[in-house]
Structures are given as structure tokens and as C-alpha cells.
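For clarity, chains are labelled A, B, C, D, E and F in written order, and residue numbers in each chain start from 1.
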């Protein structure tokens, strides 16, 4: 199985984090290739940045989807996920989606725990888009600044563990979802210091991608995720324009 | 009052339609200037196209917001609305938002009536984003093809009236929202053939923009629409990059 | 444009407050006339009092609606709004409705801030009636007594500002709605001491009334706000009886 | 046990219907006295009429509540119920509330079946006020005119049975609530022609009143139904004014 | 009227508590007989135990239902209620259902107050099953251990009163439901120390059973609680097997 | 990986169907062992039967869980799932849960399609328990009888395909979930005759079990699925009693 992990952030360091967590969970026969957004911000934390990152994800998919069995949009908040799912034929998994749906099998309500206040509004919209609000016990965010987006998980490890424990004790969460590409790989390290299951979203995403590949669903020709009809466009990335126009591209 | 009406579609013909409807409803002292998306598709009807159009709206705002008292994102579905609202200090009104909220003052539940099946999925997500699902009696779409996006309202006028009447009779709608830039200006023409109030979204948007300007709200420094902190980016439109970085641009 | 502002409370002092706030926001060509309830309590704060005030609003409308282009029910809680909307042909705007819908264009969730505990239950029912609960971050009320209903906004100004700030910090409100006729006009004064947009309901109501007049919607002949068929009654206000019976009255 | 059944409609014929159904279900030691609204319409079917009827119910309660152990507001839609419950110390049961809550013990979702289209909007608001929408399979109304409000149940018996059967077959209702004072007593007659339990609201209301009397709950001194503080009023019914002012009245 | 009160717990001491509370509230002509689960745990507090207790309730009903006019499943959480209701022809009342629905007539939102943390998850699912979440202000549980399940109401009386008062003050509950068979009979004792109505579930259940018997509803032959078609089984209690197979049993 | 697939129905033929579908989707290193309920009915279709089947699932788990890395409760409706999840330390996957959550990654809303009317009520409660109602476009059931539970998928294949197509066309489903153990394995056969992705629940369940095993979550010591404290019981299956009492069993 060939899985394309798309990091809609521009930070290569995050891509490395994501790749390590995803490959660590992948099955023997699974290859995980990675792509990093060529435009945008090092780390998406707002609606505006998600718009930029989501469009980059579409462009990367337009260029490379034909070589893969499935793809992962690897930023919490799932930028561009719905658009990607309607436009391409391979299964597309969102990293937050995978984390939340996996959490649903481990308890009634999950808490989302992350490292920065700025992420709250966009994460909340993501939970709502997936219509999982009644499964979400809350979103907990650290309120301090951090030094480096690629090292924030080491820098804040014990604060994040405390925050997760508060989510369990005060919000009555049954499961903790560690959210955001910068926290990829952290769940395994803190597993024994939090009294409920902790989900690593990058790991969950690769397992869900494998599951969808194995189930081999056909692509939709009806319903709200059917591929839209061909349409001409101007001024957009040539591979994406070709895909929207139902034209070949190479 | 100076209002910037942004058409996130690339069709100048639609900009003309929107401008006419907006100016027709504007108060004496209101100037409505228009901008048309330089990239994308003639008419947004999918999630992917909304992503492209939403980003264009941000870029246009980044270039021109300082000359206006308020702006309108003038495509049903409100592409980029949340992002625009967090990034800029002037009031930003979504055309579907304005249509739906105005409809709320004219009855309990509104029906959204539009001219093409392709628009359904994206419109449904828009209603959910605004959390107005319990006020929405349904979305009704014509299922036939049309010749020209700029002339579709003339071509389909009687079919749209029939559809609106079915929404009233079968979905128990109290109000009809005629949705989509191509239908701007239609409400006044069909007013007497539909037994409930009919809302023109472009007209509603300009009135709501005027209302917000008059109320003169401060811009948010807290809450989920506060302006995000300064951040560097790469490869994006220079005016937008400057805005995201809290740098002046001219 | 001629707008009738109906104060369902018996306090003339409140009518003066409401008139000043409404006229301050009205457009150049708008005339705002006022009516004060001849029966009931100086200030509505309970379900029982809202029943009395709502009926007074209907009676005033029955007497005077023909001279106006729109009317405002100017008590938070919108007493009699649904009844008024089904019974009369002109647009009727509720003051709380206008405040809340306007707030929806300034952020995701609004807090309702008011000056007395007694108002909570009735306000909560009002939010539910409008089906805006998912847009409401909470209702915050002062718990102290006050000296005079017409001077409460001066007396409690700094406490109300503190309360609004708590709603922003603790309830994660994006917008503050200052609720209740006695707070009309306060928003402009406290604007700079609250870090999110603050909505003045009387001002919002007059802008929404103007918007509806400009849009010129037809009155409903179908749907749940169609005018009910003619019916005889006994013992009620003659103008209201005439309106219910579809009889002229002068 | 002494129960006061208040008919907020002015039709004495309906009071007789209600009294017969209520007394037929009452326990041996229960006395059911009746009161008919002195003002308003023969049969409440709109929001406006419910406002009038609700206020009458308060006035009747203000005059007579001290002689009773509980009271029933005997119109579907429960006009004035919340106001009555906050203002008086005895248990107050709404006829629609009693019908719906009783139905909840007989199945998952109930259908409301009634005899006139005009009743739909007001009934729908009533279901929402009680927050029982997820238990309500739908509201079904006959669409024909009828000769006499007091004889409508005989005139339309077979049509109502057909309508109830459609609610079961098409809306998947588990229980049928026959709604409206004019249908009091009908459930027993049609019981064998509808394949699910059928609830008579007047009968249910008297049983619920008896249940509340037996349980002997204290009246609320806290919460959203605590009795409001004393307040002066002008121009309203003297018994109601006295009750609102915490003054004795006789 | 003959009512069978089924205690799905194995503790006879609890059966005695339940019987006393139920008989204390029963009308003159009502006989309350009791049955205690022969298998399971002394007191159900988890989903697993509810499964065992629910099955016992079905077996007891299969053996004895023909001698009764109605039955009560007398454990908070209503184990087996839906199954019992679909399988037997007599009205079946759940003790938590009766408590919650009765509470709905005494205020807007009720708090559930109980004596042990372990009960929370199962109670929460019960509230959701009845779709009464929007009427539930919260579930409050003591967090200390107790000596004896049959004496816990005496041991914890003052702590439970404190907890109920906190539910009123902090969760804005209008009514308190004292939950769990071990608290049967407590409401009357603490009535004057809690400022809102307090519901005794065992007492409420017997009143609701009497109400349903008096209303004499037919059993469902359609809808989601119709009796399932005959089916053979293996290895289950012979009376239950007979009932499922539509075979007589004696 | 060792997975225990528990068929809570007594039909060995269904176990064979389930085993074949699960093994067909399992990864190379996964062993799927099966267990069939020793008591109950050949095929669970009601709430009562689910109670029996759920208890059997707990007993089988109590006997065998120590030899497995994860278990599947392999009946649509997930009988006993919550109880199993709180009682045992290994991941437990419900077959309907797995089908529905997997469907969530393939579209916005799924339709549940099954072969018998009798299953509707129980399936609906299952969707609600998982709080996935807003993701469920509807439940569609054939209304004809069938000859054999183990052959129903061959007998009804074309009718089920028609039903799935109606769910897509009329209910606007984006994905079809073929529900019920008797339909295990059918999805692959009908894949090309339905225009949206079709999910096989048995296959989905084995993939989700593998995903959870790979993610290696700790078992909960807090939250609503923590293992309950030790408790004595009487009269229940010895392995289950031992598990509930925290006693070893072999």
C-alpha cells in the first residue's frame, strides 16, 4: 500500500515528525511518502492559514494522487479535506478526523489537547464540520508561548500531560486526542501518565488509510462527494486546473 | 458609507448583476464598489472552488480594505468569510449569511432555492457553519442544465418560481431565500408569484453592511475572531502576506 | 421611512431611553415614533409580565400599524413578537432578535449581559424561541439590586463592563449583547472597555427595521406566519378584535 | 383532591367536553371544577389568541387558585403555562404537556393529530417550548373546514382516524396524541381503529394533576420557576395585580 | 389496580425501601406487589450490571405479568425498559423515566442527584435514551464511599442535601430528582431543606403506573414498540422463551 | 494479532459468514477466531434479543478475552458493547460502530440498509447511542419475508441493491452501510451496482480492530469507561462473576 502524507504546513521539521509517527504505526507492506506545502506558514493555526494550506493540499494531490492508494491531510483541522474528497478518487483521510473517529471506539467522549490558544477557534470549527460535537468533551490549550514549533512537544511535555489530566478530571473525557502535527509521536511517550487512552493522530491516520485501502470502496458517482462536472478555470495551479477540468495532467 | 462588494467568481457578468442588485437597495449615501476574482472559476459551485474563491477574497481584501467601511463576500456559501472576519478590522458580511439572517426576521424557517444541483453540498455546509440548520426548511435545486451563468435567472425564472412554491407547500417554508450570485435581482421580479417573503441576498447584504457600519462596532481583540498574532509566510500574495505579518502594504 | 417603536413596559423613562438610542442610529430619512404600554409593569422581567406586555404590543399595533412602514417590539425577550408578525402586514422587528442576529455577523457566539437575575429565565426562553442557542455563549446577570430602572445603566455601568469582560474571558463570547430596554444607549459608552464588539439592541433594531423596509418583502399568505383567517372574539381591545376579525377599525 | 380545569377558550361547549373527559378519568376522591375564559375567542388556534387566552388563565388562577390543590390549563399549546407555574404555588399542568409526557411512557415518538391546519404553527412552538421535538414524530392536521367547534370530533371522526393511521404508517409514530380541547373524549371511541396507543389529553392532564398532588412537591423558591419578587402594576386585572404585588386578594 | 414493582437488584432490603415509598404514594385502591432479582448484584451501578438486571426484569415479567395491570422497573437507569415495553402488553414504567417526566411538570430543567460516582456513566446514558438531555441540568454524585447500600440514605442525608443545593445554585436546576433505589423515600424527609421541588422516583413511578392504568391505552400493534413476531430461542428462561415464541406459559 | 469475533446470535451459519468476510479483509498477520452465542435466538432483531445477546457476549469475553489482542461484537446494533468496553482491558469493536465510523471517512452521511423491518427500532437506538444521528441519512429496510437467515443475502440481493439506490437518490446518502451479520460479505458483490461507497461491517470491524491493536492504547482507569470496582454477584455465569469481582478465572 502506498500512502501519501501531505503536510499543509511549510515546515519540513514537522513533516519529519509526522513521517516518523506515521511510519512507526504503518503495517509491514505500507509505504508512506511525504509532501510539504510549498507556500503558506510554518504551522497553520487560523482559518486564513487553513485556507492557504487547504489549497496547497489540493495542488499536491492534483500533482501526485495517481501514484498512491490513499492520502492523508496531515494537519489537525483537516484543511481542504472535503474539497479533496470530492475531487479525487482515492480515499483521503484527515488527521483530525482519524484521531477523533478512532477515539470514538475507545470511549464516549474525547478531549482535544493542544499546545497553543491560537488553535482553538479553528479546531472547534473542525469538530463541528465532522458533526462530532456531542462526542467532544472539550478543547484544552496551553496558554504559554513556545520556542520552536518542531520542538514544542519536548518543551511542553509535562504541561501537556497536566492539561490532559485536567481534561479527564474536569471535563470527564474518556479519551485524549493529542492534536496538531507538532505533537505527532507524543502519545506513546506520555501514555502511562494519563489515565485514559491517548490517541496519536498521525498514527491513527495511517491506520485508517490502510483500513480504507483494504476495504477498497468505489469512488462516489452520486451524493455530496461525487466528483463535480468538468469546469474551466483561470489562473490556478495547472495540475489542479486540469483535475477540475477533467483533463489529463502529467 | 463605502462598501466593497467582492465577487469571488471570475465572471464579470455576475459582478454586474451583483452590483445592480446591491446598488438598487443601498441607501442614498452609500457607495458600492466591486471587485472580481482574478483567479478561479466563472461560478463557484463546489468545496474546491470555494477554497480558491475564498483565498481570492482574502487577497482582494488585503489589497483594498483600507479604503472601505465594510465589505461583502458576494457568493452564496460565503467562501472565506470566517477567515476574512478574523483578519480584517472592518465589518465583513457574507451574502448567504445576510440572506439567511434577514429571512429569520420574516418567518420561522426559510427555504434556500437555487438553480443547480451541484450547489447543494456546499450550501448545506454553509448553513451548518452558521448554525442555522433549525431555521432552514430545506434546500431546493433545479435539476436541469442551463445555457449561461449570467442569464440563468431569465432562462429559469418560471421554474425557480415553481420550485419556491413547492418549498412553501411541501417543506413548510415561511420565507424563500433566492441563493447564488446569478439570482441577484430576481426577488423583486418574482415577488408576487410566491406567497411568502422572498429575500434577495445581494440586497440584504448591502443593507446589513450599512447596519454594521452605522452601529460602528469595535474590532475584536479577544474571542474566536480576534486578529491572529503576526506570522511570517512564504509564497503567498504579497498584500495578504503583509496583513498576516502585521506589516504595512501599499 | 416611518418606524413605530413600541415599549411594552409602562415606564415613560424607558421609552425616552429607547427613543434616544434608536434615533441616534436611524438613517437621515427615518422617523421613529414611540408608544408606551398603558397597562402592565414599569419593566418586564418575568413570563407573566411578558404576557401582559405582549398583549399591549398587539393592541398598540392594532391601533396604529397603518401609519407605519415597520414596527419594533422594544423589550428584550420580544414579548408578543410571533403574534404580531402573524397578525400584521408590516415588518415587525424584535429588539432582542435584532440584537442577536446582528451579533451573529460580528462573531461566532454572543453573550447576553444584563442587570438583574430576574431576567434570566425569560431571556433564556427568548433565545430558544429564536433557535439561536448554539450561537449564545451564555447569559450573564448582575446579582445586586438597583435603585431606579431608568438610571440603572449609569448606576451599574462599571459592574456591567466587568460582567461583559467575564463573559468574554470565561464563556468565550465573541460579541456582547447588552440586553434590556434600560441599557439602551450604553454600548457606545462602554465600547472601549470591552475587547469584543458590543451590540446596542435598540440601535440594532432600528437598523434592521430600515433594512426590512428597504427590501420591501411581501406579507406572507402561506407558511406559519400567514395572517390567520377572520375570527370573532369577545371582550378584547376593539382595535385588536377588529384586526382579528378582518374588520376595518379607525 | 380539588382540581381546577381552566378552559382558556370562551366556548362553554368545549368546557363541557373537557369536563366530561377529565371527570371520566379522575379518581374517586377527585373533584374537577371548571372555569371558562370570559374574554377571547371560542377556540384558540393562533399565537395571538394564545396570548389572550394565556392571560385569561392567569386571571382565573389569581381569582381562584387558593381553593384548589392543582390546576389544569386546558388548551393544547398550553397558553400561559410557564407564567402560571412561576406565579402560583399549586401544581399547574398543561393539557398538551400532560398528553405528550404521558405518551413518552407508551413509546419512543408520538404524533400530534388535530383537526385544523391553523393549529400547526402554534402547536409546533409548544412542542419546542417543552423541548420534546426529538420525541415528536410529526404534527398531522386535517385540511378541511368544519361546521362547529363543539361537534368537530363527531363530524371528523373517521378522517381523524385515517390521519392517525397515516401518522403511524408514514411518520413512524409509536403513540398518537389527539390534540385540542374539541377532541377531548375522542380517544376512547377510536381506540380500536388505530394500531398504537392513543392519548386523550384531558384525561392525561387530570391523572397528572392527581399525581402531582399526591407527590406533594414544595413550591420553588429558587430556579427559573421561583415566584418573582413583588412588583406594582397598572391597569391589569385586580386579582392578578394583587398576586404580582404579593398582596392578598379576595 | 395491581402494580408489580420489579427490583432488578438482588438486595431485598432495597425492595423493602422501594415498596414502602411506592405504597406510601399509591392510591387507596392500588396494590403494589414486589419482586426481587434472583441473579445479579445487590445494587446495579454499571452498564454490565444493568444488562444482567434488565434480563432479570424480563424474566420476572414473563413469569408474572398476567396478574398485573402495570409494572414498574424499579432501578434508576431503567434496565430493560425498552425491551419490556416491546414484549409485554401491560404498561411498563421505568423508575427514572417516571422521575424525570414528573420533574418536567415542575420546572424547566431537573438535576439528578445520587450517592455514588460509579452511577454517573450509566445514568447519563439513561437520560440520553429518553432524549431528555435538554431538560437535564446535570448529574451530581457524592464522591465518598458508603457503608451499606440499604442505609446509605440515612448515612449520607446531609451530604445529599448539600449536593442538591449545589445543583440548584450552580447548575440552575429547577427540580431535583433523587436517583437510585437506595434513595427511595428520602425526598419527603429532605423536602424543606432544598429550595426547589424534589422528586421521589419510586413514588412518581407508582403514580405514573396508576395514570397509565386509568387511561387504559391499547397495546401497540405498529410502531417501534409493537410486539415482535414469534421466534424460537435456545437456552433462555422458559417463561421468557415462551413469551418470545408467542407460546403460553404457566 | 489475534482477534476474537463474537457472534451474539446462535446461528453457526452466520458465524461462518462473518468469519469469511472478516478474514477476507484481515491483514497477513491477523488471526480471526470466532465464538457463537450458546443461548438466545438465531438472529437478533429486537431490544429483548439484544439484551440476551449482549449478556452472552460478556460471558464469552469473560471466558476468552485473555487470549486475544482485541474483540469484535459482531451483530449490528452492538449488543453489550458499552458493557464490554467498561469491563475488559482489550479494545472491543462493535460491528455497527466500525461500519458507521468507517463510512464517516467516505462521505458526509451514510444510509443503513438492511433486510427486515423488524430491525429498524433497535438499529435506530444504536445510531443514537453512538451519537451519529446527524451523520445518518436514514435506515432503509426491506418489507418482505425471507426464507433463511443464512441465505437472505443471496435471496434478496437485487432488492437490497434497489433499496441502497433509493437511499442514495431519495435520502441523499453519500455512503451505504450494509447492516446485519447476514449481509456480511455482500458489499464486495454489489459494489458496482450502487453509485456510492458501500461498507461491509464485518470487514470494517476487523480493520478497526487491527488499527486499535496497532495503536496500543492503554486501558482506561478514569472516565466513563474505567473498569468498575470489584463487586460480588449471585447466580451469573462464573467467568463473568469472576471478572466483575476482580477475581481470576480459568
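Here is the rule we go by: a residue touches a chain if its C-beta (ideal position, glycine included) is under 8 Å from a C-beta of that chain, and two chains touch if they have at least 3 such contacts.
Computed from a predicted model, the values in this text were never measured in an experiment.
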With centres defined as the mean of C-alpha atoms, identify the chain lying farthest from chain F. C
Out of A-B and D-E, which chain pair has the most contact pairs? D-E
Return the distance between the CA-based centres of chain A and chain D, expressed in whole Å. 53
Averaging C-alpha coordinates per chain, one finds the centres of chain A and chain E separated by a number of Å equal to 44
Residues of chain F that touch two or more other chains sit at 108, 121, 224-225
Name, in rising order, each residue of chain D that touches chain C in their complex. 10, 38-42, 45-52, 54-55, 58, 80, 82-84, 86-87, 118, 120-121, 124-125, 128-129, 131, 224-225, 228-229, 231-236, 240, 244
In the complex of these two chains, what residues of chain D are touching chain E? 25, 27-29, 85, 91, 93, 97-98, 101-102, 104-109, 130-131, 134-135, 168-169, 172-175, 188, 191-192, 194-200, 203-204, 207-208, 210-212, 214-226
